[in-house]
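Each chain gets a letter, A, B, C, D and E, in the order it is written, and its residues are counted from 1.
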Amino acid sequence: MSSPITTEHYLVLSAMLLLIGTVGVLLRRNVVVIMMSIELILNAVNLNLVAFSHHLQQVNGQIFAIFIIVVAVAEAAVGLGILIALFRNKETVLVDEIDLLKW
Amino acid sequence: MSVFYTATDHFVLLPALLLALFGCATLLFDFWVFPDPKQRRWLLMFLVLGELFAAVAYWRQFDFLSSHGGELTAFNGALVVDHYSLFFHSIFLVTTLIVGLMSYRYMEVRDEHHGEYYGLLMLAQTGMFFLASGYELVTIFIGLETMAVTFYVLVGFLRSDKRSNEAALKYLLLGGLSSGFLAYGFSLLYGLAGSTKLVDIGRMAASRDANDPILLMALGTTAVGLLFKISAAPFHMWAPDAYEGAPTAITAFLAVGSKAASFALLLRLMVGPLGAARVAWEPILVAAAVLSIIIGNLAAVTQTNTKRLLAYSGINHAGYILLGIVAGNPTGIKGVLIYLLVYTFMTLGAFAVLIALTRKGLAGEDINDLNGLMKKAPGYGIAMLIFLVSLAGIPPTGGFFGKYYIFLSLIETGHYSLAVFAALFVAVSVYYYFRLIRAVFVDTEEQETPALSTSFGLKVGLGITGVMTLVLGMYPEPFLRLAQLSISR
Amino acid sequence: MTDIAFFYAFAALTVLGAILTVTLRNAIHCAIALIASLAGIAGLYLLQKAEFLFVVQIMLYIGGVMVLFLFVIMLVNLDGAAKERQYHRHWLAAVACLIGTGAIFAAFLHRGAGSLKLESPLPVVPGAGNVETLSMVLFREYLVPFEVASLLLLVAVVGGVMMAKKRID
Amino acid sequence: MQEHLLSIILFTPLVGVLVLMFLPRSQKTLVRLWANISAAAGLLVSIPLIVNFNRNADGMQFVERMEWIPSLGVQYLIGVDGISVLMVMLTTIMGFLAIFSSWDAVKDREKEYYAMFLIQQTGMIGVFISMDFLLFYVFWEMVLVPMYFIIGVWGGPRKLYAAIKFFLYTLAGGVMMLLGILTLYFVHFGQTGRYTFEIAELMKLNMPLGLQQWVFWAFFLGFAVKVPMFPFHTWLPDAHTEAPTAGSVILAAVLLKMGTYGFLRFSLPLLPKASSDHTIVTVLATLSIIGILYGAFVSLMQKDWKKLVAYSSVSHLGFCTLGIFALNQAGIAGSVIQQINHGISTGMLFLVVGVIYERRHTREISEYGGLAHVMPNYAIVFAIAMLSSAGLPLLNGFVGEFTILQGAFDANKTWAAFAVLGVIFGAAYLLWLYQRTMLGEVTNEKNKGLPDLNWREWAVFLPLIIWAISIGVYPKPYFDILEKPVAQIVHRVHQTANTEAAIR
Amino acid sequence: MNFLDLIWLIPILPLCGAAIMLLFGRNLSKTVVSIICPGAVLGSFILSLGAVIQLAGLKERTHQVVLFEWLPQLHVDFGYLLDPLSSVMILVVTGIGFLIHVYATGYMAHEHGPRHGGYYRFFGYLNLFVFFMLTLVLANNYPLLFVGWEGVGLCSYLLIGFYFHKKSAGDAGKKAFIVNRIGDAGFILGMFFLFQVTGSLRFTEVTDALRSARFGPEVTHFGILSLTALLLFIGATGKSAQLPLYVWLPDAMEGPTPVSALIHAATMVTAGVYMCARSNALFALTPETSHIVAAVGACTAIFAASIGLVQNDIKRVLAYSTVSQLGYMFLAVGVGAYWVGVFHLYTHAFFKALLFLGAGSVIHAMSGEQDMRNMGGLRNKIPITFGTMFIASLAIAGIPGLSGFFSKDEILWQTWSAPELGSKVLWVVGFLTALMTAFYMWRLMFLTFFGEPRMDEKTKHHIHESPKAMTIPLMVLAGGSVVAGWIGMPKVFGENGFMQGLEHWLAPVFESGKEVAHAAAEHGAAAHHDTTMEWVLMGVSIGAALSGIFLARHIYLRMKAEDRPTGGFIYPVLLNKWYVDELYDFLFVNGLSKGGGTLMAKFDTNVIDGGVNGTAWLTRMVSRISMWYDTWIVDGLVNLTAFTVRALSFPVRFLQTGFLQSYALVFMAGVLGIFGYFWWGR
């Protein structure tokens, strides 16, 4: 079976997703959106893994992807917890207003 | 495939199991038994006990390796215990123990003394375990993330302190970004090798051209993720902020434990499986090392916050350690190990003094807060002197031997210009370390401040680190042997 | 051919959703766009015979994580934030940097297109279903990470709770 | 006892520090007393060394060898030859006098002060007796820290600047030297397959000239900063000026000698080809001569008493290095003797400044004048110190300078001609200083009632004066003790140069 | 008692005296001091006398005592050598030294420093000086000679600056020391050359080596030996105040008068002559250098004498006179007549010491006044002083029968008869100097002792003859000034063991000089026996002396009443009445303010002193530049580095803006960097 959709297609898509995620991290001021962007990046990784997994006819990649999801979940949970704690103290979710620590 | 879970597996995993067990137990006990913050000091006993058990387990492993030689692999090669990993495990163990010992008074002062704290310390250590012992990408990654996520929490542990929140958030967001890159790199490595095992990846890297674009992509993104963890420039930006905002004990833990664990991984990856691609990564590490040394030193020069200063100093040290990896020969690797060992003690010690400075209503983070320390508490003053002199790399302290090994390896491998560069920046670093020394010894306190917040644990920690810093400088032989043992396969 | 159609459809959904996630003003809209994107990815999983992952993506990610996000968004009340400037001040530099990175990534992928070719296409192993194979491999080869993941989640729970809970004392 | 004599000498001050740490801070007299006892003990235990030293034997004596870091090939290897013996004696004597002279001068934080001096004492002795390069380096750097504190805590108004400047300069040089050491280490490994830092082993190396030159310059940076040779000297006036009296004394008398000692012990024997290389010798000699003249010129213009003395050190040390790079028996032997002389005379000059500084708390030359009326004994002591520094015959300075000049003359007549000019200027700035401070009318009211030297000050000066005169009148024992080791160095340098020439 | 083996004790005795004075002198009474110090010198004198007498009995007339090895690198001992030359010197030093010590006990009786310590210290220094001087002359090698050489310089410094509360005294002392040091530099280099050529620095060995070795012209004619000799001579010019390094000596008169007598007339300043005489073997080998020595000596002689013509300070006249007489000695050495140089040294010691002591006595009587214009008519008030100084003045002027005549005449004769081309010119110079010497000395005498008293009433009232302690040495020296020359009479007076005693005595030391001189030119030897010429020249020089004296008498005794109605002396008036000769005319034609002598004096202050000051200024400039260089360039570079580090620190620090996304941007820049490197760098 030679599908015209090759692994490279997925790689390109993954790279695009990675880039878009990075764009979000770099540009958006809203912390929540930045966290979502990180989710995007991790999903890009997953896309890669699944594509390779398919390519190699293995399931190892998929298992890796599951772990990535776990990590994403954990980071999101902790991140949102931290955000709430911060929000309690500072009443803002805009990153460029969070600049007590500098220089 | 027939045997699912062997005795070897158990033997290898045992320390991690113990740590996790005691960590979880601490979490549980905190909920049930110690409602009063004062009593929570007892939870430290869990940590100490856990570490003791783990130490015994490590000792058994060491014993086994010494008699049988080689290494132990477990879980189909997912975990490895060799002298190398044991070396790092002991660093983690000592670090966690000392951080635990010197924490409780500090956390009480900061009104955030919770049982979770000790549990999280141990869970972070468990994560580190997998960084040093993991021999498979998924294990490594999940270990790394366990450590990282724990640190996010720990950095933000002072919930009511805006700075702590901010530090945690910054660390988390940048950490997430870097984890993404690291994971991306790992995924490419997996795709190229068709396996997540480092052995296969090594085979793959050896068989492929070093200029293979996908391999380079994998290498680049992996390097980014790891350089971030060791806070090497230009991926260091989180460090000063996270260090400053975090509770000082956690800063120490972050500066030492996290960095050592990441170096354990970086060294294992770069010199082991990716060693074949040395031509590709060496210039990157050189650049990162040089940048780290420059930025770490320059930024520290005018710094007035001690924790930030030590953060920059940590960046600088990361640069030096990277140079050992750049040299890459046995001397260099031994140098990395010795340097990390020394770095552990001297940095922990320096932070211990800072912890003692943190009193009710006094952050103790400004350089001026060190003023007159020698008069106020000569023991602490002398200890600080030892640590700072060691950080500056002046004999007869351990710091000298760390730097010495780095120079040694650079010269041995013909990196003369790097050696000269590194040597020159030693002088720059002296400039700011001695500013601290000057504060401790020469300057006088302007107004009377409350007594230092010391505790038995802190004193023990200070004693261990101080003595070890000196011993490493005056009689490093046993440790050199250990390092030698660690790199011999 | 359906493969192609589905691929491009899901890919479009994914990319579009992603773009919207990072551009939309209102955080809730962003979250919804992200859900769309994640759904697209889930579809792509399906295309690649990763059924288990498909389910995980839908249930855990879209059902769990995103709800968490939405919950937080509600909690911290981002209405004010939505009216603010959305992009960082140094957006130009960031964009330049990103374009550069993107270009280089593209170049690398383009150049490396051939290097992924396997010597011989692997035979498709029929046999056991995806979930079954997955579990076999997971519990045999990835037992350690699996256990550690539980620790990770424990930390996340403890940490999340600890961070989010109000101070009592 | 005999076989561990050097270790005993080395660690006596350190033991003193250990005990000192347990003395109560408030018992100031006790602290002082104990520090003096420790220093005196350090001096006493070093006397058997000079008594039992066999001046007719080749090579090292009192050698002690112990593995220290076997995996690096580092040993605890100490021993002395004639040069080292003299340096050790200089250290113990000057160290004791420096501590003794601080009795009244230091009034706060005595405990730390004396501890620093004693630690430094160990470091300095260690430098002079280490026969293992790494051990040497460890001691070399170890000396820096106490000196930093001595200047930085008990110094003058700009003490911190001076202290860190001192530290940075010497450290930067030292690190470069370390790189040189490591290069040698690896070359040795490459040639013999054995890792060692033992100097005797490293001397067996056969290195090509190019490599030797590189290593030489690395060493040069380390030693030249310490000496200090001409372009690296600027830390010295600051450090000297700001240091407390005893600190200046030790700095001038012993610390600077570490640099010249380094040249003698390491640069010349280990890198004979580079050391006899025409370009290097010319550069070094030129720098020395510039240093001689430059130090003298700058001294002429100083308004600060102590700074003047400090700059005079630059000039005198120029003689020492010139003697070394004359590369002949007279030059090197003269250089070593001049190093001791400089220790004595400049030490005395700093003590002289210290005496008056203690009374008046200013070092501006213009503040003084006519002190000879008020303090006649002081004036006599100062005169002797000044004359010994200016190289008046029958005092110590002459013997050294003259022998160095002879060596320089043998090596190159032009050098001698220029160096002789330094003798002239040397007299000029010192006499002018003497005239401005001691002679004339007492112009400043504040100087009218100054007390003359007390017995403790006399006790410090008297041994130095006697020493100065004894060297000036009968320097033969010093030459005798130096003959063998210097001959060895000269032989080594010239042998290599000759074989080199023969091959060409 | 074997005095010869005790010669080491000769210098040690004064050293002990000095040590006692400097260590314990504060607690001793003046009487004790006055006994110990002259006593020590007297002891030395007795020892010297004994040793010299025993030396005469020895066959080879040299004796060495080596105490211990001193500078092994140069194979130099701490050893003493007694031979005819040094025997003359030690007798002069101890003998005249003793007299001056005795004189000083009287002279310094009222003079002590602001604190009462001055007296003992003065004698301590004086004894120390004698020690060094004896070391100088007794040394058996050059470096040890140099010890004394430097030591006497030091004592000179200390004694000139004895009135250290006077700034001028301190300045003068410093000047003396530094100018001497310049000479010393030459001396040191000269020694090294000598060591290189001969392989030794012991006098005996050097002399043997130079005499036995056959040096080619490449080393003797403008060669290395010429250079060596020249360098040694430069050393001598410094110590013996020759052109151009003489400037310190007139200033040195700031010191107490006994010091001037002892150091700046009788002993120390002659050390250069002694050293050149000691090195006669070397100078004999190097004719060019000898010419230079002779020329410099002659020039100095006339130059200093011309300045002496117009000086008003009594001690300054004597100082220039000393310089001038030293020039004579070098003239003698330069023409190869070494023994004559030593002869003049020896006679000069007597009469010049006497003149200084007499001047001291005058000053003593005048309550410290030194300007001759304020003196006059003292001869009756202080007759002993006058009498003795009268004898000395006759001696220095060259009146036959007195010591100065014999030595000076011998110098002029030796110059005339020297084989070299320019010797006649040198003779003319020497002759003119003799004329001027007589003139200025007698000018001094007439202004001081004759004519009307010109001092104010108060001073006049105080005038009194000096105490015995001062007058007795004067008388002894006066005796010496008369008879000292009798052992060196010209051969034309008849050859006789006693009359040419000195020449014979010194012959072993200088035989080489003669040898070479004889070998170099036979006709010179022939000229030596031209007795007629010798008589003629003797007559000419006597005439010069007499005319000088009478000229002075005319001007300063006779003309005074007529031509100085207002009390000031105006030379144009003198000039209009008396046209004497070209020199006289030239010297006084435009009066004192524009006179030639003044010109010379001006030259002295502006050019020579200016040169010294200019050097000082240059030195100051150089040192200022050096310091500037130090602070701004060397330090500046370092500070610049430090500043750069600090300056760079800020941008690096402020990169840390606190904004998360800036961090992420840097992060991405790093990523871009890595991939950029991968793409382009590889």
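In this text, contacts are C-beta pairs under 8 Å (C-beta built on N, C-alpha and C of every residue); 3 or more make two chains touch, one makes a residue touch a chain.
Just so we're clear, the structure is a prediction, and the values are computed from it rather than from any experiment.
**Student:** Expressed in steps between touching chains, what is the minimal separation of subunit A and subunit B?
**Tutor:** Steps on the shortest route: 1.
**Student:** Counting only C-alpha atoms to place each centre, which chain is farthest from subunit D?
**Tutor:** C
**Student:** Just by CA atoms, which chain is the most central one?
**Tutor:** Of the chains present, the most centrally placed is D.
**Student:** Need the most distant chain from subunit E, centre defined as the mean of C-alpha atoms.
**Tutor:** So the chain farthest away from subunit E turns out to be C.
**Student:** Could you see whether A-E or D-E has the larger number of C-beta contact pairs?
**Tutor:** Answer to which pair has more contacts is D-E.
**Student:** As a quick test, compute the distance in whole Å between the mean CA positions of subunit B and subunit C.
**Tutor:** One centre to the other, that is 30 Å.
**Student:** Would you kindly tell me how far, in whole Å, the mean C-alpha position of subunit E lies from that of subunit C?
**Tutor:** Roughly 103 Å separates the two chain centres.
**Student:** Suppose each chain is reduced to the average of its Cα coordinates; what separation in Å results between subunit C and subunit D?
**Tutor:** 70
**Student:** Quick check: how many Å separate the C-alpha centres of subunit B and subunit D?
**Tutor:** Chain centroid spacing, subunit B to subunit D, equals 43 Å.
**Student:** Can you pull out the residues of subunit B that are in contact with at least two other chains?
**Tutor:** Where subunit B meets two or more other chains at a single residue, that happens at 138, 141-142, 145, 149, 152-153, 156, 159-160, 168-170, 173, 177, 181, 191, 216-217, 240-241, 431.
**Student:** Please set out, as single numbers or ranges, the residues of subunit A touching at least two other chains.
**Tutor:** 7, 18, 21-22, 25-27, 29, 35, 51, 55-56, 58, 60, 63, 67, 70-71, 74-75, 78, 81-83, 85, 95-96, 98-103
**Student:** Residues touching two or more other chains, restricted to subunit E: which are they?
**Tutor:** In subunit E, the residues touching two or more other chains are 653, 656, 658-662, 664-665, 668-669, 671, 675, 678.
**Student:** Can you name every pair of chains that touch?
**Tutor:** So, checking each combination of chains, I get A-B, A-C, A-E, B-C, B-D, B-E, C-E, D-E as the touching pairs.
**Student:** Please give the residue numbers of subunit A that touch subunit B in the complex, ascending.
**Tutor:** 7, 14, 18, 21-22, 25, 31, 34-35, 38, 41-42, 44-45, 48-49, 51-52, 55-56, 58, 60-61, 63-64, 67-68, 70-71, 74-75, 78-79, 81-83, 85-86, 89-90, 95, 98-103
**Student:** Can you list the subunit C residues touching subunit A in their complex?
**Tutor:** 3-4, 7, 11, 14-15, 18-19, 21-22, 27, 30-31, 34, 37-38, 41, 44-45, 47-50, 52-53, 56-57, 60-61, 64-65, 68-69, 72-73, 75-76, 78, 81, 84-89, 91, 94-95, 97-98, 101-102, 105-106, 109, 113, 116, 118, 121-125, 130, 133-134, 137-138, 141-142, 145, 149, 152-153, 155-157, 159-164, 166
**Student:** Provide the residue numbers of subunit E that touch subunit C in the complex, in ascending order.
**Tutor:** Of all residues in subunit E, those touching subunit C are 659, 661-662, 664-665, 668-669, 671-672, 675-676, 678-679.
**Student:** So in the complex, the part of subunit B that touches subunit E is made up of which residues?
**Tutor:** That would be residues 169-170, 173-174, 177-178, 181, 211, 216-217, 219-221, 223-224, 227-228, 233-235, 237-238, 240-241, 279-280, 283-284, 287, 294-295, 298-303, 428, 431 of subunit B.
**Student:** If you look only at subunit A, which of its residues touch subunit C in the complex?
**Tutor:** Result: residues 1-5, 7-13, 15-24, 26-30, 32-33, 35-37, 39-40, 43, 46-47, 50-51, 53-60, 62-63, 65-67, 69-78, 80-85, 87-88, 92-96 of subunit A touch subunit C.
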